[in-house]
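Order of writing sets the chain letters: A, B, C and D. Residues in each chain are counted from 1.
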Amino acid sequence: MSTVDLYRTVRLIRRFEERAIEFVRSGEIVGGIHPYVGQEAVAAGVCAALRPDDLITSTHRGHGHVLAKGVNPARMFAELMGRESGLNKGRGGSMHAADLSLGILGANAIVGAAGAIATGAAWAQRRRGRSTVAVSFFGDGAVNEGMLLEAFNLASLWRVPVLFVCENNGYATTMPVHSAVAGSITGRAKAFGIPAFSIDGQDPEKVLAATTAAVDRARAGKGPTFLECRTYRFDAHHTFEHRARLNYRSTEELSTGRSRDPVEIQGARLAAEDRTAVDAEVEALLDAAAGIALGSAHPDPAAALEYLYATPMPGLRR
Amino acid sequence: MSTVDLYRTVRLIRRFEERAIEFVRSGEIVGGIHPYVGQEAVAAGVCAALRPDDLITSTHRGHGHVLAKGVNPARMFAELMGRESGLNKGRGGSMHAADLSLGILGANAIVGAAGAIATGAAWAQRRRGRSTVAVSFFGDGAVNEGMLLEAFNLASLWRVPVLFVCENNGYATTMPVHSAVAGSITGRAKAFGIPAFSIDGQDPEKVLAATTAAVDRARAGKGPTFLECRTYRFDAHHTFEHRARLNYRSTEELSTGRSRDPVEIQGARLAAEDRTAVDAEVEALLDAAAGIALGSAHPDPAAALEYLYATPMPGLRR
Amino acid sequence: MPKLSYLKALNRALGDELDRDPDVFLLGEDIRAAASNLTAGLFTRFGPDRVLDTPLSEQAFTNFATGAALAGLRPVIEFQIPSLLFLVFEQIANQAHKFSLMTGGQCKVPVTYVVPGSGSRTGWAGQHSDHPYSLFAHVGVKTVVPATPADAYGLLLSAIRDDDPVVVFAPSGALGVRDDVDFATLRPVPLGLGRIARAGSDVTVVALGHLVQDALAVADELAGEASVEVFDPRTVYPLDVDGLAASVARTRRLVVIDDSNRTSGFGAEVLAVAAERFDLDAPPRRVTRPDGAVLPFALALDRAVQPGRDDLLEAIRGVLTEGGRQ
Amino acid sequence: MPKLSYLKALNRALGDELDRDPDVFLLGEDIRAAASNLTAGLFTRFGPDRVLDTPLSEQAFTNFATGAALAGLRPVIEFQIPSLLFLVFEQIANQAHKFSLMTGGQCKVPVTYVVPGSGSRTGWAGQHSDHPYSLFAHVGVKTVVPATPADAYGLLLSAIRDDDPVVVFAPSGALGVRDDVDFATLRPVPLGLGRIARAGSDVTVVALGHLVQDALAVADELAGEASVEVFDPRTVYPLDVDGLAASVARTRRLVVIDDSNRTSGFGAEVLAVAAERFDLDAPPRRVTRPDGAVLPFALALDRAVQPGRDDLLEAIRGVLTEGGRQ
């Protein structure tokens, strides 16, 4: 993937998030979001290393992952606004965005849950003769969830073509990583015999390079890799924090953290006029996307239970 | 603890288990047991390093642990036979044997569950100003349970005076450890910053020495230690296996495994006449214990729900 | 009289108990910063030994609390979201709940589990909008769903003082409720004792938690038409069967509104008890979430899946007009 | 005709499905050695890619199965003991169950969970003797408790072929049941369709799983006294309400025997449905485990806590003699 493509992705995610935050403020998005601002290089770099038929699982902070994997921003805005034209027909919202046709097995609102889902899907794809890999994204908080550690064991034992991508943004909500993680993050994966690397998660090119190596390894049948991407969350844990002051990060820390901006880091690699052109392109795309989403129909309340079961249940009672 | 005391403990456990197996065969014990035969050095060595007010949690294969911690064999036999005079008044049976007065917080039938219970109890004791430590016993299968790994993290983060004692007997039921554990057993604990040692679990003296060091460390406020005790299960996973052939261990493996017998290893350190004397003493103790248990009353079925709640519930409905 | 909010009442109960009993301590995620506001001010007041921030390790910290309880303390756990109770179902139902009987009464496990924000939180979608009180009632763990600030205070106090595990569900829809309260009158409310939230003579509506407000509103709306009694059991398990019986004996008609799924939920239990004991003048009705409900994200769908005032109104009118069976 | 045992019928169903559909695979603990005998012979027949022994990592392998299902396979998980379902409650109720709705119908999760040996196993005590079918019915996961070998075969087949998650409870007390079966007649039994296990006219006894045998025995015992119909719903959720209605419409009297706890259990649901729909000649009764039941180890206590034939006999006599309320 080219320099400009990577830039386009981080810029797209950034501006998508900034607009989504505005829509939360204006009430078009109900329930709030977990902004991805500051972490764009991880999604962009990782997904740039994937094929369209590769799989990912995402998190509560997942807009960046699905956009980088190719989701149509209009359908993503529409999902956040709970519209019928949304990715999940308005049934999932921010924390469950899924597009199976793009290999997106869904964001998951339960921290640590998706690691084993990605592992199972990757294992199944191999058994079906496919050469796809799966990537499971999660935060630093997730490495304290036993179910995720169990998944590391299965993936390593069975040499599953899965990548575990930990976005270490320093906090699980208000909990600093050093108060929550005894030992090291990469040490958790290494304990299961999984090669694990700690990389600069603010630079899309570095993330892309590390992911490409891990993907090659997985496709070659050598099993899982773990990447700790050191990053920083520029905004709130969740938009509710815009109203509640939780006071767990100092002003100095915030400004140091924000000083390494993935959009700037990648943007600096472009000629000024190319960058301006991409920015304009992104803005036009998002204008159109937001317009489409805002103009989409709301689902019919009478269909609230549609899709509850895959095999229909005639006698469903209220 | 003296050579002869350690011998007495391993011999007591061995003969208790052999008699218990007989009682399963004769129908006095209903539901069967998970025999501890072959692993006696672990329970004996670990508990010899503890004070009476130290705490332990035990497992489905727990008779050795509680006997070594000082349980009266008559009350243990009675428990296995479901009598009112049993340790748990016949309410718990083999997999739930508890004696809070001896610091035994119970055997636990859910693999991996007790690690966090021991951690919480040890933390609470320290908060209450006590200098006790807690030991959590578990098998090699348990290190694949996420909830146990989560407990390692809490214990390490909060420097809890708890010892994690893993009895690696090579199998979780029929599952060989190498097919189940990616990486190493001690590596799992080290990943959380917990010092971890792999020791010969067939020699009571070696287990005692390693445990003593770990206990000293915990009492000194330096936090948890993990001990992998390499041992071998001489008998069935559970007595049901005496009827069902599961075929997962070769004859050669069995005979190699059984060749390092903790009772013989410790017995060889005694003069022959001392050993004979201890054996006779143990036999007399167990004769009496079995007699008491067999003569004890069965609980009254009308009291089946006694103890269900600690704060009584007057309106309990059937 | 000063106003007390439901959430503030819970916060006050925690503060009062931490103050009164040195064995009480709190643990959970982000409780120092008080992300949910439940524990606001308590870290500053009581320090790190009494207010313990945990890593994201729900299974371990739930069993950790059981261990601490076995060693004599009285832990209170905050769970940020209701589905975390699914994650620790084994630890509560199969561990904490069972120790007393399995040990032949040698020990007790006085742990309180608090979920501030159970049920739909408006826009949090499928995995954050459960209301699993019926599950805990079924397994026999004491289960409380307070409706008012005073009850939130008093029931949480009783839960903490109880020697068994108790789950306290604080519905999202109730957290903002504010009442005039004379603080001097705040006291423990016993587990298992319901209350008549509104007296009436034509029909008994059983409602819990935030649905009590809805039931009261519907009762007001029907005021000219019928006299509706609202019975708030406050505790799901143990259920105040006598209180329920006394009300139904007067009204001889029964409707339950229940924010759990229909099959084998709280509503099913109330109807079963009624069927066993009372001779009603009309078949009773349940207004519940549908079977197998997963709350969809879009607001109108989320609302459509929850039991609402319109459904309740219709059900009440149904039992009032109908003598025979449906 | 050859005899087929219940356990062997389950084993046969697995073998037949593995044979028929290459997407089906099994995973669980000790299933290669077939410690529970459920999977006897299948590893030799189908090899390591179809019969997967897992480490003790229930949460991960349950979600692993969900992932494999999302990728197009049809996993069947064996759980050695019923309480392991508590450990993976989140993974089933909050993950596998919710994917279809949350994704707007983009995917399906056809996973089957089988517990060979649910309920009391005689001497396995508190943490191994649960029978949590009502919990899964409440959250809306399809739940099956077969009573006979032919049903065990046919319902397991349907569970595997269903596109949603399904839990199959095989009660310990039923595993040994043997029936004369013409193998050629074995076929899928649809989920949600009950059967009349014994026709009668005075009272309907609803029973599931191993309790069907008990109900039949009690019906025989009462033969001179009363004509007892035994209705076996086979599926707890979805419940065959029409089948139940047809039976109760004839008998106008109802007793449920249910191996789950009383409060908000399967029995509560049956009574609730009856209260909503039928005008009975006597108040219905439930014979259940007590509220909050923990099975004590000692055999006589374990038996005392389970619903038994004597209790059922008494309940039937009660509804037969009684016209009014209790």
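Note that in this section contacts are C-beta pairs under 8 Å (C-beta built on N, C-alpha and C of every residue); 3 or more make two chains touch, one makes a residue touch a chain.
The structure presented is a predicted model; accordingly, all values stated were derived computationally and were not measured.
Chemist: Could you tell me which chains make contact with chain A and chain D both?
Modeler: Looking at chain D and chain A together, the chains touching each of them are B, C.
Chemist: What is the graph distance from chain A to chain C, where chains are linked when they touch?
Modeler: 1
Chemist: Can you tell me which chain lies farthest from chain D, using the average of the Cα atoms as each chain's centre?
Modeler: A
Chemist: Find the geometric centre of each of chain B and chain D from their Cα atoms only, then give the gap between the two centres in Å, rounded to an integer.
Modeler: That gives a centre separation of 35 Å.
Chemist: For chain B versus chain C, what separation do you get between their C-alpha means, in angstrom?
Modeler: Result: the chain centres lie 40 Å from each other.
Chemist: Using Cα averages as centroids, what's the distance between chain A and chain B in whole Å?
Modeler: 45
Chemist: Would you mind pulling out the distance in Å between where the CA atoms of chain C average out and where those of chain D do?
Modeler: About 30 Å separates the centre of chain C from that of chain D.
Chemist: Name the residues of chain C that each touch 2 or more other chains.
Modeler: Those would be 55, 57, 59-60, 83, 87, 90, 94, 101-102, 125-127, 140, 238, 263, 291-294, 296-297.
Chemist: Where in chain B do residues touch two or more other chains at once?
Modeler: In chain B, the residues touching two or more other chains are 88, 90-92, 96, 108, 110, 144-147, 150, 153, 157, 179-181, 305, 308-309, 313, 316-317.
Chemist: Please output the residues of chain C touching chain D within their complex, sorted ascending.
Modeler: Against chain D, the touching part of chain C is residues 83, 86-87, 89-90, 93-94, 97-98, 101-102, 125-127, 130, 132, 134-135, 137-141, 237-239, 260-261, 263-269, 271-272, 274-280, 283-286, 291-294, 296-297, 324-326.
Chemist: In the complex formed with chain A, which residues of chain B make contact?
Modeler: Against chain A, chain B makes touches at 144-150, 152-153, 156-157, 179-183, 187-188, 190-194.
Chemist: Considering the complex alone, what residue numbers of chain D touch chain A?
Modeler: Residue positions touching the partner: 25, 49, 54-55, 57, 59-73, 75, 90-91, 94-95, 99-110, 140, 162-164, 192, 238, 241-242.
Chemist: Where on chain B is chain C touching in the complex?
Modeler: Residues 55, 86-92, 96, 98-101, 105-106, 108, 110, 113-125, 127-128, 134, 146-147, 150-151, 153-154, 157, 305-311, 313, 315-317.
Chemist: Any idea which chain D residues touch chain B in the complex?
Modeler: Result: residues 29-30, 32-35, 37, 53, 55-60, 83, 87, 121-128, 262-263, 288, 290-294, 296-305 of chain D touch chain B.
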